[in-house]
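Letters are used for the chains, namely A, B and C, taken in the order the chains are written, and counting of residues starts over at 1 for each.
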Amino acid sequence: MEFSIGQIAAMLGGEVQGNDSGKISMLAKIQDAKTGQIAFLSNPKYEQYIYTTQASAVIVKKDFQPRKELTTTLILVEDPYSSFTVLLEEYHKLISFQKNGIEQPSFQSDTATVGNQLYRGAFSYIGNRVKIGNNVKVYPHVFIGDDTVIGDNTILHPNVKIYAGTRIGNNCVIHAGTVIGSDGFGFAPQGDGTYKTIPQLGNVLIEDNVTIGANTVIDCATLFGDSTIIRSGVKLDNLIQIAHNVEIGKNTVIAAQAGISGSTKVGDNAMIAGQVGIAGHLILANRTQIGAQAGISKSVKEEGQQLLGYPAIDIKDYFRSYAVFKRLPELNDRLRELEKKLGTLAATELNSDTRP
Amino acid sequence: MEFSIGQIAAMLGGEVQGNDSGKISMLAKIQDAKTGQIAFLSNPKYEQYIYTTQASAVIVKKDFQPRKELTTTLILVEDPYSSFTVLLEEYHKLISFQKNGIEQPSFQSDTATVGNQLYRGAFSYIGNRVKIGNNVKVYPHVFIGDDTVIGDNTILHPNVKIYAGTRIGNNCVIHAGTVIGSDGFGFAPQGDGTYKTIPQLGNVLIEDNVTIGANTVIDCATLFGDSTIIRSGVKLDNLIQIAHNVEIGKNTVIAAQAGISGSTKVGDNAMIAGQVGIAGHLILANRTQIGAQAGISKSVKEEGQQLLGYPAIDIKDYFRSYAVFKRLPELNDRLRELEKKLGTLAATELNSDTRP
Amino acid sequence: MEFSIGQIAAMLGGEVQGNDSGKISMLAKIQDAKTGQIAFLSNPKYEQYIYTTQASAVIVKKDFQPRKELTTTLILVEDPYSSFTVLLEEYHKLISFQKNGIEQPSFQSDTATVGNQLYRGAFSYIGNRVKIGNNVKVYPHVFIGDDTVIGDNTILHPNVKIYAGTRIGNNCVIHAGTVIGSDGFGFAPQGDGTYKTIPQLGNVLIEDNVTIGANTVIDCATLFGDSTIIRSGVKLDNLIQIAHNVEIGKNTVIAAQAGISGSTKVGDNAMIAGQVGIAGHLILANRTQIGAQAGISKSVKEEGQQLLGYPAIDIKDYFRSYAVFKRLPELNDRLRELEKKLGTLAATELNSDTRP
């Protein structure tokens, strides 16, 4: 992963001022950059650093006029910050997808089929009849159960565990330790106080462009042919619990340690903050927003509502009530005071009434 | 895993109407079923599907009278739904225990002893002096530390991690990524603000028929010879924290993301909902029921109590108080109104008293 | 790991009474101890056991005078309990660091460099250019990403996952299933309702003497050159979420299932209880103490504050308000009663005022 300054300038549609054959392998801040690295200058208060930087190249605004001599090469562009962001994203893609080839020992069933540019890390496991698309990265210690199907450009970080029969789309990223397709939590109480396991025979379906954090768990659906569904564009953080038969609508974002109980359907473009708990068998409208640690016990019908509390209510109402909650001892005192006064007054009144 | 229709009918004590030699390899809903699959018809409103289904067989009630021609084979039974449930459970058992044999590379210490019908998945690890019963399934990436003992018919899903010295009974199921026997969280504060680690030298004891979800953690006990104990029939969901020296009574059910602090003893047949937190060194009576997200700060002496809130109180009391909480701003206004009125009244009274 | 009684006495600076050549391989309680084990007697109410114990040796107070015949060997010391604690700690260190050598198959890049006394468990993975100090224990299924640096005497329990570029100090312990350096949860909303991934290019820096529980997650920082930082002496429990760019001050202790949002800085010697949630971009003063399940939504400026509630307030204020919360239905009734009385009174007053 090394580019010449000329190649980078061409990618950005910029103009080189200086030596365009220098090699760049990394991005850095202008004050920290070293040889072989590229930085940018956008905010004038950082201009001082451009005269001393060791960066091999600096991206600057088209009309930049150096006030001292420069040792670094310049790339002139319209908007240095957004050009740098483009490079960041390209760099990120490159490092995300740089792993290639087969490390040994790793395990792939004879009946599995895999696409081009597969990375199969050491100690990874690909089960029977698994189908994997192109440019998929299977890091070390990943487990892919039998009959799973995975689309193109998907990255499975170390130790992702995928139970048999899961379906995962294109351009997904799943972080380390996450479990997809474990049994839903279903047990039927028996007369003697024990529980009988309800077989969990469905699967998990994850659409395209889904990102899932680390050590999250998504359970499979209960019935044959049913799926726990994560729609396209959903972003899940770390340590989240998604129970059996849940459906998360497209582009919904869920922060760390939230938990969604069985059979609940969350709408599209919802935002669920950290440590939220949602009861089972509910329907949440599109664009519902739930504040951190809230507990949702009822369906939400109106779109775009903001909720907080336990059980959750409208966020403004919660804060109004909580403001009074904080003064409850004072309220209690005032109430007691009133009762005393009213007692006295009633006594006085009684007196005045019985006045001759 | 393929059975003839005749074999299935015999298993259910049912009678075949049609070709009993057709092969069945899967169960399905009547509206979705394909050749090689078996479905059931119980609710009359689904009757229409039996005339068009591609299922190779359909389980129906003994007295079922088709109103049109049928292409599928019938199995006549007393109760089609419960017969189908029997098949589901048999099927589930079959797929749960279908894995057999040794996949390579996998690691088993020379000093470990294992029973019959072991499945030892690729990259699994069985440490020194480990003892494993019959028909145990050790999926890929499972780690079993030294001196661990595991009973018969227990399934360890991919990547379960068992620290040295753990004891696990018969018929247990532990899902992917769960950790058993990690160090309890014990540190002694030192004069200089640092902490010294208190050695955690006990183990974890899991009795029979226990099911544990994915990415849950159970810490070992602190002292030599002591155990963190999970009694028989307990069902734990995903992402649960069980601290050192905890004991969970038999047939207790705990939902996802709940956490139980050190040395607390939970009684038998308790039900603990998701995201509940329980403080340390408490005793909870049998059949205690705790609502989602509640925080338990005191022991519960009376059996069968239902608790909610933070700290938790009787669930009915919590809801009564919360109903008023939601109207606190209004209460505050009414209180202010009363104060104003009473002020006016007292002033009036004063006037009337001083009237000549 | 077997010592003679004489060696142990020398380690404790104690005096042997009896056979000093007996072999000890384990510690136990005096009532449970067997041959080859050592126990202690400190509390006089356990004295009875010393006359029947099978322990090969018992540590007793210097001035201990047996009242019956003894079959066990004595080690006389100043303080038997603290001597036993010393042995516990030594024993714990021994078993923690007893693993040595290379188990196969395991994976180590040609460009990695490792110190002396490395334990490299089966199926562990050490990536490119990784640098590992002396006496480091890498258990089975551990993944160490490229360019990671690890100090001396650090233990990585089974299945710890370390993303590329992480730095870990000396004397750290990380428990099974924990993930270090996964992507921060950063997404930029787009006009069409989808989200674009913000590249996460920083790393995680863990200083010395840090202990981290099982299945915890620590995300990497967002920007090049930035780190999510865990300062020396920090103790983290299981299933904790530490988001990108967080900094945890030295000797801070965090209990299980707590979550800290992005860019928040927690001071030194803070104590954070289980299931606490802390919002992003906050600063918490040194020695802040946060009660279980609290939600922190604002920075804490004053050192040593104790907080509880949701959002959290001073813990004493929370309990005072909660005491009234539990009686809210009664308060509501009293308020209604007052309103009624005052209505009657005002009516009476009106009457008395209009009296001729």
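A few comments on the model shown:
Just so we're on the same page, a residue touches a chain if its C-beta (ideal position, glycine included) is under 8 Å from a C-beta of that chain, and two chains touch if they have at least 3 such contacts.
In this text the structure is predicted, and so the values were computed from the model without any measurement.
The angle needed to superpose subunit B on subunit C by their Cα atoms is 120 degrees, rounded to the nearest 5. Of all residue numbers used at the contact between subunit A and subunit B, under half are used by both chains, marking a mostly different-residue interface.
As a whole-number value, the distance joining the C-alpha centres of subunit A and subunit B reads 26 Å.
Contact with two or more other chains is made by residues 105, 123, 141, 159, 177, 215, 239, 257, 275, 293, 310, 325, 327-328, 331, 335, 338, 342, 345, 349, 352 of subunit B. Within the complex formed with subunit B, the subunit A residues making contact are 105, 107, 123, 125, 141, 143, 145, 159, 161, 163, 177, 179, 182-183, 185, 187, 193-195, 197, 199-201, 215-217, 219, 223-225, 239, 241, 243, 257, 259, 261, 275, 277, 279, 293, 295, 297, 310-311, 313, 317, 320-321, 323-325, 327-328, 331, 334-335, 338, 341-342, 345, 348-349, 352. Note for the complex: subunit A touches subunit C at residues 27-29, 32, 88-89, 91-92, 103, 105, 121-123, 139-141, 157-159, 173, 175-177, 209, 211, 213-215, 233, 235, 237-239, 250-251, 253, 255-257, 268-269, 274-275, 292-293, 310, 322, 325-329, 331-332, 335, 338-339, 342, 345-346, 349, 352-353.
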